[in-house]
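Just so it is clear, A, B and C label the chains in written order, and each chain counts residues from 1 on its own.
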Amino acid sequence: MKWRYFKQNLFLGVVRLSALTIAISLGGFLFYIFVNGLGAISWEFLTLPPRDSMTKGGIMPAILGTIYLTSGAIIIALPLGVVSAVYLNEYAKQGPVVRIIRLGVNCLAGVPSIVFGLFGLGLFVVFLQFGSCILSGALTLGFLILPTIIGASEEALKSVPQTFREASLGLGISKWHTILRIVLPNALPGILTGSILGIGRAAGETAPIMFTASAFFTAKLPTSIFDEVMALPYHVYVLATAGTHIEETRQIQYGTVLVLVGLVLSIDLIAIVIRSYIRKKKRW
Amino acid sequence: MVAVQNNNIIETRNINFYYGDFKALTNVTMEFEQNKVTALIGPSGCGKSTLLRLLNRMNDLIDGTRVEGEVVFEDRNIYDPDVDPVEIRRRIGMVFQKPNPFPKSIFNNITYGPKLIGVKNKSELEALVEQSLNQASLWNEVKDILGQSAMMLSGGQQQRVCIARALAMKPDVLLMDEPTSALDPISTAKIEELIEELKKDYTIIIVTHNMQQAARISDYTGFFYLGKLIEYNLTEKLFTNPEVSQTEDYITGRFG
Amino acid sequence: MSRKLKEIIIKNIFFLFALISIFILGLIVVFLFREGLPIFKVVSVKDFIFGNEWYPTYNPPDFGIWPLIVGSIIVTLFASVIAVPLGVLSAIYISEIAPPLMKEILKPVIELLAGLPSVVLGFFGMVVLAPWLQETFDLPTGLNIVNVSIILAIMAVPTISSISEDALYSVPREFKEASYALGATRFETIAKVIVPAALSGISTAVILGMARAIGETMVVLMVAGGAAAIPESIFDSVRPMPASIAAEMGEAPFRSNHYHALFATGMVLFFITLFFNLIADYISTKFKEVGSGTL
């Protein structure tokens, strides 16, 4: 009998330890980045361009570039994703066609980001001759986060009670108006949460923009969507690996990492907070 | 409104209904008289709710269903290909088993339908809300809290909001699918009183699980068993002197 | 009639949008093939995949990606060795053991971990883990299999943990109660009832976690060390497929053989992850049809 409880306690210990390991990894990592990066952060760092072959100065063009690319991605992915989800969840008869579309979405979600990068290079940069620019990068990132947005939107649509739809249709309201006035407004918070997570993902990705949008260094800020841009994740990579002054720029590297992590995690955190708020408030 | 012979507003003719391969209704022919309350009773799964949902094409919303036969409303088969089900549902309203107000204010629940069919004038909408809530005998309880969420109301009040919401579309027929099964006895009594009032202006077809309720409120009663209409008669007659032995077995509680 | 027509038009517009995601998946294949296939005019498929030499810029060049494939497989396997127990056990903790407050803390922690940009984790591997490994084990370089596996594991843990947790959570209460009512301990209930009932979901989680690791680019690019040779020890450097593509694409002349070879490597990577995803989908669909009742 004692052996049984010994086994149980051993098991509980191991399980707690693994959860603790994960929590400590994140905590330790964030602490490390924060402590090392904080020294670099200043108003100048955030608002000035780099100078002296990127060994001094700030990272403003990279911040701006990430904002451009990410906004572009969400502008492309959000309408496409929400409309697809509405079709799959509200209109489609569950059959082989929908099954194939869903499978396609799932597989798209699993395609590695570097393959998206190659795809973006092949289609936008080369075939459509956009070149390496904001437009190519935003399209590539947009398609990368499309499955995330479709998935989150479908989940949000599924959580709208069927009785709401029946009530509206039973009044003699058309399906389209029922979706527009009843289903979408009630699914909106969930769609929003998923989209914000998608924004976070797009802001942090490096591989898809390496060949499609980002530049090592740009002398001036982009003036059109056909210009190359700097971006935070690529800036981190470049400073940490390709520079000739890797040790000299350590401080800038930590600072850039801190800005990137801070940006991405606050976006994620906003989504998490919104979601838990909705869950608490939900009355049905 | 077009005058219908024998005062019947809806008729079903030789209806067969399938969920996939499962035949849920067999050869149901039934007439519903105007400004009367008709109750549909029978054990669970007998097809009474399926028939009710056929009358305003709500079953269209379920994938893999199929209808044979006709449902005639104002001399037209509502299953004709050129009939718009949306139009039919405006004329034939529905109240569901579980109260299902939208998560909107009481006012916006009632005006949701009318606004979408083009009633824009504010005073017109206000009058419509008052009239509908009055008809649903809820006006006095909620007239001061019209801006509050309908989700805050009690179950019985929510169900009356749903009735008022249906009435605001000015339908001719009101279908009620076990409207009191989720309610307490006091709310149930209120809804039953309300049905008595409403039949002056509307034709009411109600599915109920509760035989006493059918006996109390309806003029006609149809008894369903295993997808067939076993007996259809004046309520008084059906409950006191049924013609078919299965009906008698059911109402005396020998099965069901 | 016009309203009906409008409804039909709207429905079809929505359908077209939904088709776009399939269309994009198709486009990915088309453009990978378009830019990748020309390499097979120069080398055979067999020599490309199983060739031991990757010297794309030598004269004459060698386009054998076997060392890259081996590199990818090795780092994925080692990462799984770390990530699978950590992910599954933490899922068990969150779903079955943790008090509500811990749950409220841990679920966002895992989500934030999933949200960490990969370039940042790669950076961490380079500047923290690598020097430490180098000093502790007295190695020529800290950029090696061990380092990259640890970092990849951190990336795969959230995927494994969150999908496993969903699977564990959806095990019906009745099973657990029945087991407890028979006098089983918590450990016995978890090990003999709950985990077996959630096994297909956990398998899906592991497969998707591995797919995430094998497709991850920045971490292997920055931390794996980049040696395109079959490793002999766990402290050797490797050059997994994504690292090769990311590192060399910038230098490969446009539409040269090197460029086509990198696209062809992308094709291999694409089909490997597609295969993983199809298996995961197959398991989870089968599970849904059978239901949790059959163990």
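Descriptive notes on the structure:
Here is the rule we go by: contacts are C-beta pairs under 8 Å (C-beta built on N, C-alpha and C of every residue); 3 or more make two chains touch, one makes a residue touch a chain.
Since we're looking at a predicted model, the values are computed, not measured.
Simply put, of B-C and A-C, more C-beta pairs touch at A-C. Of all chains, the one whose CA centroid is most distant from that of chain A is B.
Note: centroid distance chain A to chain B, computed from Cα atoms, is 48 Å.
Taking each chain's centre as the average of its CA atoms, chain B and chain C sit 54 Å apart.
Averaging Cα coordinates per chain places chain A and chain C 17 Å apart. Counting partner chains per residue, chain A shows two or more touched chains at residues 174-175. Residue numbers of chain C whose C-beta contacts span two or more other chains: 3.
Counting partners per residue, chain B has 86 as the residues that reach two or more other chains.
For chain B in complex with chain C, the touching residues are 82, 84, 86.
Within the complex formed with chain B, the chain A residues making contact are 93-94, 161, 163-175, 177, 181-182, 186, 283-284. Chain A makes touch with chain C in their complex at residues 4-5, 7-8, 11-12, 14-16, 18-19, 21-23, 25-26, 29, 32-33, 80, 83-84, 86-88, 90-92, 100-101, 103-119, 121-123, 126-127, 143, 146-147, 150, 174-176, 197, 200-201, 203-207, 210-211, 233-234, 236-237, 240-241, 250, 253, 257, 260-261, 264-265, 267-269, 272. Chain C meets chain B in the complex at residues 1, 3-4.
Residue ranges on chain B touching chain A, taken from their complex, read 56, 58, 61, 63, 86-91, 93-94, 96, 98, 100-103, 112-113, 116-117, 149, 151, 162, 165-166, 169, 171.
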